[in-house]
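Please see the structure below; I have some questions.
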Amino acid sequence: MSTKYTIGTLGSHSALQILKGAKDEEFKTLVVTLPNRVNFYERFSFIDSVDTISTFTDFPSIEKKLIKENVILIPHGSFVAYLGMERNKKMKTFYFGNKQVLDWEEDREKQHQWLTKAHIDTPPQYKNIKDAIFPVIVKSFGAAGGSGYFLAKNQRDFGEKIKLFKSKRYIIQKYITGVTLYIHYFYSPIDKKLEIMSMDRRYETNADGLGRIPAWIQHEVEIQPSYVVVGNSSLILRESMLPQAFEMGEKIIDASKSLIDKRGIFGPFCLETIITPDMKFYAVEISARIVAGTNLFTHGSAYSWLNYNEPMSTGRRIAREIKYAIKQNRLNEILD
Amino acid sequence: MSTKYTIGTLGSHSALQILKGAKDEEFKTLVVTLPNRVNFYERFSFIDSVDTISTFTDFPSIEKKLIKENVILIPHGSFVAYLGMERNKKMKTFYFGNKQVLDWEEDREKQHQWLTKAHIDTPPQYKNIKDAIFPVIVKSFGAAGGSGYFLAKNQRDFGEKIKLFKSKRYIIQKYITGVTLYIHYFYSPIDKKLEIMSMDRRYETNADGLGRIPAWIQHEVEIQPSYVVVGNSSLILRESMLPQAFEMGEKIIDASKSLIDKRGIFGPFCLETIITPDMKFYAVEISARIVAGTNLFTHGSAYSWLNYNEPMSTGRRIAREIKYAIKQNRLNEILD
Amino acid sequence: MSTKYTIGTLGSHSALQILKGAKDEEFKTLVVTLPNRVNFYERFSFIDSVDTISTFTDFPSIEKKLIKENVILIPHGSFVAYLGMERNKKMKTFYFGNKQVLDWEEDREKQHQWLTKAHIDTPPQYKNIKDAIFPVIVKSFGAAGGSGYFLAKNQRDFGEKIKLFKSKRYIIQKYITGVTLYIHYFYSPIDKKLEIMSMDRRYETNADGLGRIPAWIQHEVEIQPSYVVVGNSSLILRESMLPQAFEMGEKIIDASKSLIDKRGIFGPFCLETIITPDMKFYAVEISARIVAGTNLFTHGSAYSWLNYNEPMSTGRRIAREIKYAIKQNRLNEILD
């Protein structure tokens, strides 16, 4: 039954994991990518077809073909970044997920509203720099992959840096001292069940290299931290904090139903948190689709192996949800 | 044969791993937990029964039921923390491990004696702050999960901080500059064999977030490090140092036999080390039971896959030891 | 057919992984090690035979036996370090790999030439300290396992440290601020195909512990960083950077064919990179044989599970290459 549909995605971000998972669930697979990446995606035997577009924003140009081949598109981070929301929304290709959610992913103010509605703590935000408790971190809107951030230690430092800042839309947040943890959820609207698939922390350059440089060198050369994500590493959470991790996920879902629409968010999403020494979670972001950190777990995670006696990546979990929906004749519930 | 017994534990710390492992070895499984965590543990299909107590210290109140159902209790970190040793020792429920060892887990002076007896290096300890080589780390007794520590850079700093310190029982240790590594052992009294199951490092807030903050910010805002464990990440050790890792484990076992009683320590335990640039191990602690870092390895570790052609967590290894003992009619040797 | 050959290696570095992989591919296995490690290697049931030599440099003394038993030697880091190149090259035992490549592994100038030929960026190097942009990192030749490095913040600092430096052959490199990533490749000359097996970062003492020490302590006690590798942890790379990772691997192979000999490098190798905030790779080293970071992946990695539906470590991949070559009667192409 799966064979009628092809699972497809843009060639970037988490395409390998998504398509490997789709193949494991016996779907045909397709990637749409740039000419200079064709070579790369052709290395992997689980990808049945590699289609080319000249730029990612040109994606809608191959819609006809996708529709004809019953492609179900799986969105990921690059999808949102490259296609923009409007063009994305206008596409008629089968799309896994709720497109309404995308508006809430990209807009930092809407994110804040969502988290507040869900009663999840967030770092204090300042409209006016005069109210700030320092240090602060300044984040541009729509910053992708962790670029477009800066740290400031006081008002003057902020004043100098904001002049040079490229983005005119940004938020000012208190810099929370703690450790980061990204929780990968999957919510099944078919089973009405929330799972924690895995967890990671991002590997950011140069922030994750700073600590290796002793203070006496940093004293000589003032280094501006940057948060460009170039990789990920695996983590687990203290078991006594896991119930709260599940609760936060459920609150995100509930809040989405009242804020966005009746369906709300479903499928994979991620809560990006900082944990302080009093064991409190501060959420800095919701990713309303699969995150790249799940790429660590092509063969499953410490958490997924609790629930499955087979390797279950988030990519595969998506494919399995589609398979279940097909079998139950409920595909319309999970597509947009 | 396994079916006569139920493997049970307190709902916290490493309960998921323990019970998943027990189920994989075909035991019935039971968790005893707080009302607000029932929901959480019911999410997992490998847990056959979720029992409730109003507080963890209330655990002995359900003893009768546990005894009737042939429950074998698996102790973990929260077990010791919440039940205290005396109440714990008085329980008549089957208990995996040697209860005498618990006295040696909780008392920092006994720990030191144990490590010394085993000829394993430990950080220098100071009775008198005047003798200290700075920086020092001050650790309260019975500090659980990494809280209750502070760093001091000189006598005055120590003097100010000790005034505000909650604990009256503490040790003063030289702060060893190196990297941390936690080695997870399993000693089988049935096979008389020591295995290294896995290794980890703790993920501590805020200590593991400090390095991401540049010195010029830290210069502005003096941050007190804290060592509250909120997660774990996976590590392996350089192969040329592995023989020493095994030797340390064996010395711990040997020393326990002469210090504690004839049986000594068996089952899972952990040595918490710091490795200095001269490749020397300094042991800071022995955990005389399963540690939460093993939760990373529900599907096995780089080390366990060398020994098993199936996923082998420490939790599952415990269940298998019990199974072996049952088959050989030697259960009494591993229970208390 | 495999049974005629025995796969053997020196007992150190990545011997466990290599021999476990060999056993999984149905070879007989042998380790040659020091008397004080016999005990250690005998713990593992996948090692059929543990042979002893009094020092690693004494390895050639058991050549006759190795030749008689059709042993195929798998070289690793300790192999090169302990046997030196000349003695190594003179051995007549079957050797997996191209011995000519070893000259290019050990010599930092040749490494630089290799990377330049491959058009891979490297950190700026200075012949004269007066030209340096600080901080710089000074690396001795043939430094093994990350020892023999120092950091300098200015000319005076360099001048003082170089006086005490043990090595007379060294290079001076600009210290690149970024994050480290080690990419584990395998190039099959049988299939003419390059794979990425896995990735890691090294766990270095004390460099990876420095960040946990707050600046106000480091201000009090000036800590010299060291880079002694005592372990490894797992990483993945952002998918949009993976095509470049493959390209770098292919360039390394191509350059080796024109610089070294017609066969060039094959089998496992590793590119040790630093990634800067502009997402640029700087290569600091090529390891022209299996690296210890692959020891993380005895059960496969996020990358190997994309290509194999069974656990595939680099060690096992080597054994499989040998098996393929035997079946196709092309063993001579991959041995030296």
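Per-chain residue numbering starts at 1, and chain names A, B and C are given in the order in which the chains are listed.
In this section, a contact is a pair of C-beta atoms (placed from the backbone, for glycine too) under 8 Å apart; a residue touches a chain by one contact, two chains touch by 3 or more.
Molecules present, by chain and UniProt name: A, B, C = ATP-grasp domain-containing protein.
Everything numeric in this text was worked out from a predicted model, so none of it was measured.
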For chain A placed onto chain C, the superposition rotation in degrees, Cα atoms, nearest 5: 120
Shared interface numbering between chain C and chain B [over half = same, under half = different]: different
Geometric centre distance via CA averages, chain C-chain B, whole Å: 34
Junction residues of chain C - those touching two or more other chains: 204, 208, 210-212, 215, 218, 223, 233-234
Chain B partner contacts - residues on chain C that touch it in the complex: 12-16, 20, 36-37, 39-40, 43-46, 78, 145, 147, 203-206, 208-218, 220-221, 223, 226, 228-234, 292, 295-299, 311
Chain C-touching residues of chain B, taken from the complex the two chains share: 134-135, 151, 153-154, 175, 177-181, 199, 204, 207-208, 210-212, 215, 218-219, 222-225, 233-243, 246, 274-279, 300, 302-303, 305-307
